[in-house]
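As C-alpha cells, here come the structures.
Here come two complexes built around chain A, the first alongside chain B, the second alongside chain C.
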Partner chain A sequence: MLRIAKLPIAVFALFIIVFPWIARQIPVIEHYTNIMVFVGIYCLITIGLSLLMGYAGQISIGHAAFFGIGAYVSGILTAKYGMNAWACMVIGMAIAAVVAALVGAPSLKLKGHYLAMATIAFGIIVFIIFNEEIEWTGGPDGMSGIPGLSLFGFEFNSVKRYYYLVWGFVLAVFIFTVNVIQSGTGRALRAIHASEPAASAMGVDVFRFKILVFVYSAVLASLAGSFYAHYLNFINPSTFDLFFSVKLLIMIALGGMHSIWGAIVGTGLITFLSNEWLRYFEEFEIIVYGAILLFVTVLLPDGLAGVPGVVKGWFRKQVSDER
Partner chain B sequence: MSADIEENVLELQGVIVTFGGLMALSDLNFKVRRGTIKAIIGPNGAGKTTLFNVITGSFPPTEGTVKFKGRPIQHLKAHKIAALGISRTFQTVELFGNMTVIENVMLGCHTKIRTSFMASGFAVPQSRRKEKQIEESALKILKFIGLADKFKDSADSLPLGEQKLLEIGRALASEPELICLDEPAAGLNETETHVASSLIKAINAKGTTVLLVEHDMKVVMNISNEILVLNYGEKIAEGPPEDVRNSHRVIDAYLGGVA
Partner chain C sequence: MEKITLASQLLQYFITGLTVGSVYAMVAVGFNIIYNVTEIINFAQGEFVMLGGLIMVFLHVAMGLSLILAFPATIVLVTLIGILIDRLAIRPIRCPSVLTLIIATIAVSIIIKGTASFIWGKNPFDLPAFSGRNPINILGAVIQPQYFWVIGFLVVTAVALSIFFDRTIMGKAMSACADNPNAASLVGINVKQMVLLSFALSAAIGAVAGITITPISLMEYDRGAMLAVKGFGAAILGGLGSFPGAILGGLIMGSIESFGAGLISSGYKDAFALIVLLVILFFKPSGLMGSVEISRIKRF
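Right, the complex of A and B next:
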C-alpha cells in the first residue's frame, strides 16, 4: 500500500546518467564526478541503514565495521592472494552476512540505548582488529596495491567508468529496497517499528525480520567497502572508525530517516560537505556535524526529505486561511 | 476425546503465572467451547490481561498447559500461535500509528502471506498479486467494521472509539478461530460501546469463538454465553451469566453494588 512514486526515481536516474557530462562542461565542478563516486559508495550503506533504522526502527552505530569487512576482505584476497575481485566481493558479503547474523542474534533482542551500545562495541572491536592484525591488514599503516576492477577485459580505470559502475549498483539496490518497502516485508518492518507486541501477535516473526534487515544492511555496507577498496587501491583502518558510523547516522538523519530518499539526499549533502565545502574547517568539521545533527533533530525531525511535506502543509494552510 | 477437541477450542490445565513473588494466575483450569462468547471478568489486577498474554504467547506460563484444538501451545512464540489461528486486541491500543488504516488491517493478514525478502525485492508478479488480494480482503474487513471510508487515514488520526474498532478489524484479518478481546469497550461512550458489542456479536455469528475481557457489565451480560470470574488470579465462579450474577462469592468479590 505504501507507494513510492516512480517518476522521481526516473528523474533521478536521468540526473545520474548526465551528471558526469554536465560536470565536464563546468571546470569548477569537474572534479565533482569523483566525489559522486564516494556519494554512490556511501549510498549503498545508507540505503540499507535507512531500511534498518528508518523503517524497522533498529539503530546501528557499528556499520563502519561491515564497510571495513568488505574493504579488507576484497583488499587482502585480491592484493595478497590474487583472487578474482568479483568473487572476493561476494565472499566479503557472505562474511559480513554471517558476522551480522552472529552479532545481530543477541543484540537485536536489546532495545534502544542497549542496541546502540552493543553495535558501538562491535564497531570498536572490529576497528581494533583492523589495527592489530598487522600481518593481514597492514595495521595502522594500511594496505596498498589493491587492484582496480575489470569485467571481461573492460577496465573500470577512469573516474567516469567507475562512477557508472557504482551508480548502476546504487540504482539497482535502491529499486530493490523500494520494492521491499512496498511489499508485505516492508509492512512487517514498519509494524515492528511501531509495536513489537502487536506485530508478533499478528504473526510477524519479529526476530527473524530484524535479523534479515540487519544482515541485508551489513551485506550492502560490505559491498560498498569492496567498491571503496578497489577505487582507492589503498585502505587503512581510520576510514572504518566509530566516527564514520556516526557520520552515516548523520547522513540519514539529515536526509530523513522515514523516507528512503532521505538516505540519498543526506549522503550526497554530507559527502560534499566533508570532501569539498567544509575542507577549510579541518578539525572543526566535527562541530559542524554536531550542529547539523542538533538542527535536524530539533527543527526537522523528518529531515530534508520531510521538507516537501512541510511545504505542502504550509501551502494548504495558506489556501484554507484565505477562504 | 476427539469429540471433546471438536467441542473445545481452548483448554487451560493448571496454569500458573508468577511475577517474582506475585501469583498473577494460580492453578487455572477452564475450557472454551467452539462458537461461543466467553467473558473473563474480575477486579483490576485479577490477572485477565496476564491470562491473554499467556494464551497468545507473549510469555509462557510458569506452569501448566494451554491447549488449542487439543494441541499444547504454551511453549510456542506469539507469531506461531497467531499462525495457528488465535488473534487478539490490546487493552491499551497498540495500533501501528505509522501506517494507514488499511495497512493496519493488511498487516493483520501477515499469517496468510509467505513473505520472502528476495521475492519482495525483485517484486515477482506472484507476490504483487498476493498484495492485491490482501488489499481487497482488508477493504472487506474495513466495510464490516464500518471504517471503509477512512482507509487512507493514518491510524493515529482516528478517535479512540475507531481505533478500538480498527484493532478488532486487524485481529480479524488473519481469519482466526479464536479471538481474544481485551476490554474492547474501555473508554468508549454509550453509542460506541453499542457499536462495539454488536460487532462482537456479528463476529461470533460468523463462527469465530470469542474470549472477552470487559468491565462493562451490560456488555458482558448481554452478549456472553459463559462468564468466568477471576479474583487475585483465582477462578471464583464460572457459568452462564444468570448463574454468575447470582453467585454470592462473585457479588462479594467484585460486583458489589453494580449488578
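Right, the complex of A and C next:
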C-alpha cells in the first residue's frame, strides 16, 4: 500500500491532458470538462483528507469550513478590496493554516467520536459566521462579483483554461502527497493509525504529525475554496454546510480511505453523480448518497480500491470449493 | 400594559432554556443508552426527534387520530425505526472500528433525513399544543403551557428509566452489558438483544422529545443534525455515559443557548451551544459528572 507506482500516475496525467479534447468530440459529454473542473477542485480537498483520515486515521467532518475560509478570503479581498488574487489565495491558505493549528491542537488530542463531534461543531460554527457576518460575507444571499484569475496578462477566462490550471495544481499536490506517503512521514502517519502508543514508543512525535497533516489538509481545502470562488465568481454559505463535509467523507469512503487513488476516483464519481447523473432525482439525491455510504461501509470497508481484493478472494474461494 | 422588567425577562429566558434544554437532555440520554451498551455514538440520534415530531403531525393532524392514541403510536413507529437501524446498519458491519461506526450512523442519518424530506417536503409543520396556547403569566414571564409538558415528560422519562435500570431484570442486564459485554454474555445475557433494545429505547426517548417540542418550535426534515450535535454536547457536558449528567448537561446547555440568544445575539443562537461543546471537549472531556475511570475502560 505504501509503494505507489509511477506508471499509473503518468497514464492518469495523460488522460487529464487529453480529456477536454475527447469531450469536445462527443457533443453529449462536451460539458463534462466543466464538471471536471469541480472534480479537480474537490480532489484538492479529498487528497488532503485522505492523508488525514486514511493514512493518519484522524476523522474530520468539518473541512467544509476550510474550503469556505479559502473561498471567502479570496472573495472578500478581491471583490471588495481589489487585491491581487494570487496573494489572496496565499493569505487564505495562511489563515486556514492558523485556524487549523488553533482548532487542531486541542481537537487532535481527542479520539474517535469526540474528534468527529468537535470537527462537526467547528464546521457548523464557521458556517454560522458566514451567514451572520453580513457586512463581510453578504450573509445567506452570498456575494457576487468575484473576479476571475489572470496571470501576467493571461486571462483564465474559459472553462478549458481553468481546467488545466486546476488540474495542474491537483497533479502537483498529488505527486507531492505521494512523496510524503512514501517518506518517513508517511510511515509515521501509518504507525499513528495502527497504534498511537506504539508509534510514540518508536519515537514518533504523534502530536506534531497529527497537527501537520491536519494543517496540510486545511491548507489544501482553502486553496480549493479560492479556486471555487474565482471559477464561479459567486459564493454563498450553503456550499460550505455540514452536508458538504459529509459529502467529502462519502467521496473518500467510496474510493477507499486507505488509498490516495481512491480519493480521486471517489471524488470523480460523487461529483459526476451530484452535478450530472443525479440531477433529475433532486430530493432523492441525499438518500442515494446515504445508501452509497452505508453500502460501502457495510460491504466494502476498503471502498472501490478494495474491490480487486474482494473479487480475488471470492475467486480463490470458488476455486478451492471446486477442489 | 405591564412593564417588562429585566427580572421577568431573565425568568422568561430561564424557563425557555429549561424547555429547550429538556429536549437536549432527552437526546443526551438517548446517546448514553446506546453508548453505554455498545460504545457507539449514534449520529442519527437527532433524527429520532425529527421523526417523532413529523410522524406525530401525520397521525394527529393529517389522520385525525386523537392525542392519546397518536402519542404511543408515534413512539412505537419510531422505536421500530430504531430497531431497523440496528438490524440493517449496525449489526451487518463485520469488523467495526470507530471510523466505520461513525460513518455508518452518519449514513443512516442522511438516509432518514432524505426520506423525511421526500415524504413531508421541506416546510416546517405545526402540531396543536397539548393543552391549548393560552399563555400563563408567572412573575411577568409569559409561559406557554406546552413548556410544562416538555419539562414534565423529561421528568417522567428520567423516573421511568431509573426504575427500568435499577428495578427490572432487563434493565440490570443492560447495565451489565455496559459494564462488561464479555462477562455479561458469560452469565447468559444475550448481548445482541441488549444492543437492539438500546437502539429501541433511545429511539423511543427521541420520539417523546420530538412529539413534545413540535408544538413550540415546529418541526422540519433537517432539524436532526443540529439536535444531535447539541444533544451530544449535553451528554459530554454532563459526562458521557452518566444519566444524571445528561439531564444536568441538557438543562445547562439549553439555558446557555436561551440566555445567549436573548442577551447577546439571536443570530448566533446555535453557535453558543457548540462553543460550549468545544470548550468542554478541549478542557474537560470527561465532563461534569463523568468518571475518568469509565472513560479509560471504554475502548473508544
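Basically, the second predicted complex is superposed on the first by the 309 of 323 C-alpha atoms of A that agree within 3 Å, B and C clash if a C-alpha of one lies under 4 Å from a C-alpha of the other, contacts with A are read in each partner's own complex, and residues count from 1 in each chain.
As a convention for this text, a residue touches a chain if its C-beta (ideal position, glycine included) is under 8 Å from a C-beta of that chain, and two chains touch if they have at least 3 such contacts.
Nothing here was measured: the structure is a model prediction, and the numbers come from that model.
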item	value
Partner chain in contact with A:F240 - chain B first, chain C second, else both or neither	neither
Which of chain B and chain C A:Y163 touches, first, second, both or neither	neither
Chain B versus chain C as contact partner of A:F66, first or second or both or neither	neither
Partner chain in contact with A:Y228 - chain B first, chain C second, else both or neither	neither
Touched partner set for A:M202, first chain B, second chain C, both or neither	first
Chain touching more of chain A, residue-wise (chain B, chain C)	C
Which superposed partner A:N179 touches (first chain B, second chain C, both, neither)	first
Partner chain in contact with A:Y114 - chain B first, chain C second, else both or neither	second
Complex interface listing, chain A residues touching chain B	1-2, 176-177, 179-180, 182-188, 190-191, 193-195, 197-206, 212, 216, 258
Chain A residues touching chain C - in the complex, by the definition given at the top	53, 57, 59, 61, 106-107, 110-114, 116-118, 120-122, 124-125, 128-129, 131-132, 242-243, 246, 249, 253, 257, 283-291, 293-294, 297-298, 301
Complex contacts: residues of chain C adjacent to chain A	41, 43, 89, 92-95, 98-100, 102-104, 106-115, 117-118, 225-226, 229, 232-233, 236, 265, 267-268, 270-271, 274-275, 277-278, 281-283, 285, 300
List of chain B residues in touch with chain A within their complex	56-58, 77-79, 82-83, 87-88, 90, 94-100, 102-103, 106-108, 110-111, 113, 115-117, 119-123, 127, 130-131, 134-135, 170-171, 173-174
